[in-house]
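Below is one structure. I have some questions about it.
Going by the order they are written in, the chains are A, B, C, D and E; count residues from 1 in each one.
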Amino acid sequence: MNVVLQLLLAVPLLGALILTAGRRLVPDRVTATFGAVVGAVTLLLAVWLAAAFDYGAAHEVQFQTNVSWIPAVDVRWHLGMDGVSLPMVLLTALLAFLCLLYTTRVAPEGGRVRALVALVLVLEVGMLGTFVAFDLIVFFLFFEVVLVPMWFVIAVWGDPHDAAGRRRAATTFILYTLLGSAIMLLGFLLVYTGAHTFDLTELATRGGKGIARGIQVLAAVAIGLGLAVKSPMWPLHSWLPDAHAKAPTVGSVLLAGVLLKMGTYGFVRVWLPVVPDGARAVAPYLAGLATVGILYGALACLRQGELKRLIAYSSVGHMGFVLLGIATLTAAGVNGALFAGVAHGLITGLLFFVAGAIKDRHGTGDLARLGGGMYARMPRLAGVFVFGAVASLGLPGLAGFWGEMLALFGAWNPAASLARTTYLVLMVLAGLGAVLTAAYFLVLVRRMCQGTDTIGPSLLSVRDVTAVEVVAWAPLVALTVVLGLYPGAVLTVTDPAVRFLVGG
Amino acid sequence: MSEVLEVLLRVVGVFAAFLVLPLLVGQTEHKVMAHMQGRLGPMYAGGFHGWAQLVADGVKFAQKEDVVPARADRTVFKLAPVLALLPYLVALAAIPLAPGVVGVELETGLFYVLAVMGIGVLGALMAGWASANKYSLIGAFRSAGQLLAYELPFVLAAASVAMAAGTLSLSGIVQAWEPWWLLWQLPGLFVFFVAGLAELARPPFDMPVADAEIIFGPYTEYTGIRFALFLLAEYAGIVVLAALTTVLFLGGWEGPFAAELGWLWTLVKVFLVAFVVIWVRVAYPRLRADQLQRLGWQLLVPLALFQLALTGVVKVAIS
Amino acid sequence: MPLLFPLVVAALLFAIGVYAVLVRRNAILVLMGVELMLNAVNLNLVAFDAWHADALHGGQILTLFVITIAAAEIGLGLAIVLLVFRTRRQVDVDAVRELADRDQADERIAEAERAEAAERDELAERAEAGLAQTADAERGEGAEAAEQRTATAEAGR
Amino acid sequence: MSAVASFVQPVPWLVVSPPLAVAVTALLVLVVDAFAPARRRGVAPWLALAGLVAGIALLVVSMAGSSSWTEGAFCAPGAGAPWQVAACSYVADPLTWTFQFIVAGGAAVVVLLSAGRGWERRPPPDRPGVRSYGEGAGTLGAGVPTGEYHFLLLASAAGAMTLAAARDLITLVVALEVVSLPVFALVGLRRGDRRGAEGALKFFLVSVVSVAVMLFGVSLVYGVTGTMYLDRIARALSPAGHPGVVGPAAIAASPALPGGDLAAVAGLGVMLTLVGLAFKVAAMPFHFWVPDTYVGAPVPVAAYLSVVSKAAGFVGILLVVGWAFPGYVGMWAPIVGVLAAATMTLGNLVALRQRNAVRLLAWSSIAQAGYLLVPLAASNGDVRGTTLSATVAYLLVYAVANLGAFAVVSLTVSTGPGRLLGDYRGLFWRRPARALALGFFLLALAGLPPGVLGLFGKFVLFRAAIDGGAGWLAVVMAVNVVIALAYYLYWTALLFRSREGATEAGPAPDSAPAAAGAEVWAGPWPARVAIGILVVIAVLLSVFPEIALGFLAYPARA
Amino acid sequence: MSALAMAGNASYYATYTTVLLVVLAGVAFAAAAFGANRLLRPHRPTREKLLTYESGVDPVGEGWAQTHVRYYVYAYLYVVFAVDAIFLFPWATVFAAPGFGWATLTEMFVFIGFIAVGLLYAWRKGVLTWT
């Protein structure tokens, strides 16, 4: 029983409960501050855990809590952290804290700060829980916890100009994800029929022994579908552009920064080690679809006229790299996938923050109406934006580079049981996708930031980057640079765990 | 072969009793009532004290025109008298005259008789409905309502005897009967008899056919032979009621020289009861609807329940 | 006596009952069809009971209960039919479909309920006004008397 | 016959006490209501509640006092042929207790919903021309005679409690009727209510026909096996007294029969019996009475129908299928599977386009019935094991969540407009607690966190399907869960929408709820207490799902 | 006797054959009476003769009127007790037989007591008060 890990989940949950309890406990004035404090405490807990983490044994599950919860269906309250979880937990705690911090100064358009803060806290519980769960069913439970709060965040605080559209986006999001996760649950149950346990460490140790190959393939498809919807994988991505575009800033940041990672994390945590035979059978298809996603994302970006949609489509491409890395079934590829995930969380989080800021200031995210000349109008904001865009396109030296590099490297030399030729072709195509990505980001930067300011003087009064924005974005920028210069910070943690999961 | 013959004999016997006994009761009623009211009654038909009066009536009825009102429901209208009459014939078949002398020896005779007698009211209901006449309808519903109110004590009282005897066979009941039952089952006897009167819509329970009020109720529109059948049904009903009372409460064929004269005892008792039926008609005025209901629910039902309890307790105590 | 006879009769009865249920639109005739079906069941049960010479007489016992059930159903059924008839003057099963026309029905129901609510409010207001008018001394008794009258009306119904 | 010393069996009073207590209370309520002075009429709901609580207490006592986890009453000793094992008419085992608990608890909640003063502040003085509404009873609204209402409710509950304990067909059929008959009356009890009468008529006709069909099936089963006891039927339908081993082919060899090819007859009997029960739980082709009846009935009665009455139907199916016809699994399981799939799909699809709150719940409860049939369809004849615990667990979860949803709807209807989904728009800003509760229950029905109990309910169903090899059904159910989410979520979302007229986009002032909330009457307090209790139970079940899921684990496997 | 024959029921059917014969005899009697009537009677229908009889004046309105619901309640009470009888009679024959006793007696009284409560209720609700 590890108290800190429990607290990591309990603190945001309690915070949310206290907030819903009413204005007597937390007056309206301080709700946002309260939320930020709770987020900070959570982040501190996460940092504490990171500090206490035994990096020498990163492949082992640490801070374990393993008690019987529902003996009737053999479900255990099994929480813990290993090298794969740790970066994700940190990323989540950080992004959630930043979002809450951001909310203290930038009131959301939909009002009702109290509810928004409470929902974000619940979201945080779900996200953190997913990354520390070591029981399939508990994992699933946390996986589901984020759905409803996210639905509300999008549907209530989303695009203020398009009430019907944001609701449709939210509903599409939740229906896609739920269908996926329901099928994933069936996959878990299939696993159980063979293995008679839901315990992830146990299952990982066994490495699929005891589960017939046919069942494994079936389970791999089912689980893969659920995770692929969340990740998202082409062609199951169609909920994503809308959801990202219509969500409020904090929603977009969390959605892109963390929620998508839950899918990829699931691939690494469950799909690879639990049903390895099945994964081997399905991996080529996953890789193929991931590559299609990369190309599709890039091509779609070229044609987008709306800022947030564009970033959303870029996510499809980035996550394609992540999935491709996973589909190589090699340590390098998976490490790359994890790293790319973290990097994408930081960079896209930043991009969405900035995009939100731009949208708030201009009242529109339409590229045509935004026009160009942002350098002139708001030089600092434009600078941050360009930084994000460049990081996103994978400039070496920034975080975005290493993940994609490693993923491509993995594809160059996939696991022995996979057909190398296929992967080589895919690698080439993915590389092409990377080039296209660079192309559209550059085009975007040129369109938006350079040139003359076409917007009238009415908006010239808007402020450039504010204090809270500096505080909220600085960590992201800094981390992007740090990870770009020293990728080992993440990779040394993940590598042992990944080797255990892939090799085991 | 002899079996078939025996069955035929029984049927013929029952049929004969069914034709003769009601006429006797009817004639008795004419004469008894007349004398009680200081009249002579029929004196001419057949000669001696008008003994053939009812035969003559029958002949007269048979010659009368058969009128079915234009607005009536013809089929139902025509069927009603038959339906009113048949149940009593069928019931009579199960009532033993003497040991072994019975139309149909049924193990569940009592149940059978009670069930069949309940059908009788259908005849009145059908008649009242089919006539498309307001009086008839009112009468029909009154007779139905009356049946409903009095069926409960009727059945309960009968059940008490069945409990006492431990059988539902009518012959079995008579065999089990002992003279002290007269006292033991007295409340039951009273309830059964009164409720039976009400079921037959005999005075003083003749609300359904109150001629001064609703002009013979269900039978308003009937003439000729169909009307005669209704009349016959009424008297057959008296016979069946009297016979049932005899068998259930008065020991049927039990009496001195029961072995030889059993049939006579039965007949004597039946006629005694029938006489009481006539006597009551003359002695009491017609009950109003509310009096009728109050008598049923507030006197007879509790009394019947009391009888049931008494029978049960005594029976278990002595067994 | 072969078992077949009662069984065939029962099957026929049941079939007739089913036919009545399916074809007849008058609720009472449907009820009669159901009664036929139940009696077919009784016949079956008794015949089987005799055939098996069941020491526990399960068939006969169930028959007794089926009779009871049939009586209860008929009683209740007629009451419901009566209720329907009183509120809409017909007992045609197909015609009683106020609730069936979904979208419109829902609107109508909601509308009716709003009207009822309005009527209630009005009544309550009127009641309050009425009570205020009646002498204060009578207040307690008045309410009780009204209640009793309600009870009597209920009983009289 | 003469050798038998006594036919009189000692009655194990404690074992039969829970339904007995409820039944006696029912009578008591009727008598008290008829004879108490008008002033005291309000006592009926509390008396009813006391009876139900007493029933639950006796349940606990008898459970605690039970040493073997199976207590029989009214038993016949084994005799004659080997298949004539000792059998009891009334058996109290964990299944029985669980169901009795669900029934009594559900009925208690319904009683609470209909207790207390309703929206008539006081009866208007009896004046000519003014219709007197009397005292509105709880969320029932006016025009429902309290005494009769509670009598009928308790009678039906007593029947349902007996049904759970029935182990012979006679008790089963009679109990089933005792459940149904009072409910017909309950649906049409409101005076002068056209819709209630119509709902009652439809419900009645469908139900009566189904009972007749079922009885015909029962008579055929009896004809083939010559016994009414479920255990004996199972043994008679399989060779050598091994229940659940072989199907119809065994009949010819059965020692119970004088010979002859009666397999077809037995099969027909089994099917007809199941058809009757399928009506009760509103499975697919027999579902059409549900929406009309629920909408026509007073809302608390609809709640009762959807939970207690349906639970009774399911326990009937479980008993018949699991105790009497396990040998016919090859025959009924596929049919049940198809029915389940069709039922849930139809229920969900139709529910999607409902605008009436109660009708939506009605269709959704049809869909839920489809889910509930899944374990049965996936069982391989071993109904008493996983199938049973999965069904019971989900039923428990469903009962809590569905009762909760109905309770909130009932409360809302009784305090203002609440029939249409549109009436729930922005409920949160008027009545936050109520809206949160409703949202919670709806999400529990959908099976999404925070309604964790619903999630685990679905989980056990999925597990039963996968374990039983009915993967296709699991997939169908998964798709259905998603469809269902659409409407549950739509409704939940409505609760938090800003009110009509308020600017959709503009920031609603945070002080608005306080002002708006003051206008709306909170509703009768017992109903609110009931909702509170349900919320507590639901939260408890969410945190400790073991309570629901583990209920039947021990003896079923023992 | 085949396998599908019920033992010992021959006399049962024979008994009811007699009942059937009695019924047939009754029907024959009625038919004969009607036949005789048809032969003997005159037949001269007139409009007045076929008119519904209402004490000599022309009939007013429909003959089939609505009846009071009270009759329905009555009918139902009747059904209740008639059905009660089917339990009472089988019991009545055996309750004092060896093997039964006070318990059996009490049980039936409890049963009747339940019905009595119903009666009590009906009385209290004014169903039995004829107005």
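By our rule, contacts are C-beta pairs under 8 Å (C-beta built on N, C-alpha and C of every residue); 3 or more make two chains touch, one makes a residue touch a chain.
Remember, it's a predicted structure, so these values are computed and weren't measured experimentally.
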Chain-contact steps, minimal, separating subunit C from subunit B: 2
Point out which chain occupies the most central position, where each centre is the mean of Cα atoms. D
By mean C-alpha position, what chain is farthest away from subunit B? A
Pair with more cross-chain C-beta pairs in contact, given C-D and A-D: C-D
Mind checking the centre-to-centre distance between subunit A and subunit E? Centres are C-alpha means, answer in whole Å. 80
In whole angstrom, what separates the CA-based centres of subunit C and subunit E? 23
Report the inter-chain centroid distance for subunit B and subunit D in whole angstrom, where each centroid is the mean of the CA atoms. 51
Averaging over Cα atoms per chain, report the distance between subunit D and subunit E in Å. 39
Return the residues of subunit B touching two or more other chains; collapse runs of consecutive numbers into ranges. none
Set of subunit E residues in contact with two or more other chains: 4, 82, 98, 101, 124-125
Interchain pairs in contact, sorted by label: A-D, B-E, C-D, C-E, D-E
Interface residues, subunit D side, partner subunit E - complex: 2, 4-8, 27, 30-31, 34-35, 258-260
Complex contacts: residues of subunit C adjacent to subunit D: 7, 10, 14, 17, 21, 27, 30-31, 34, 37-38, 40-41, 44-45, 47-49, 51-52, 54-56, 58-59, 61-62, 65-66, 69, 72-73, 76-77, 79-81, 83-84, 86-88, 93, 96-100, 102-103, 105-107, 109-110, 113-114, 117, 120, 123-124, 126-128, 130-131, 134, 142-151, 153-154
Listed in rising order, subunit D residues that touch subunit C in their complex are 38-39, 76, 79-80, 119-127, 130-134, 142, 145, 168-170, 173-174, 177, 181, 184-185, 188, 192-202, 204-205, 208-209, 211-213, 215-216, 218-220, 222-223, 226-228, 291-292, 295-296, 354-356, 359, 413, 416-417, 419-420, 423
Listed in rising order, subunit E residues that touch subunit B in their complex are 14-19, 21-23, 25-27, 29-30, 33-34, 36-38, 40-45, 47, 49-55, 59, 62-65, 67, 71, 74-75, 77-78, 81-82, 85, 88-89, 92-98, 101-102, 105, 108-109, 112, 116, 119, 123, 128-131
Subunit C residues touching subunit E in their complex are 1-4, 47, 50-51, 53, 64, 67-68, 71, 74-75, 78-79, 82, 154-156
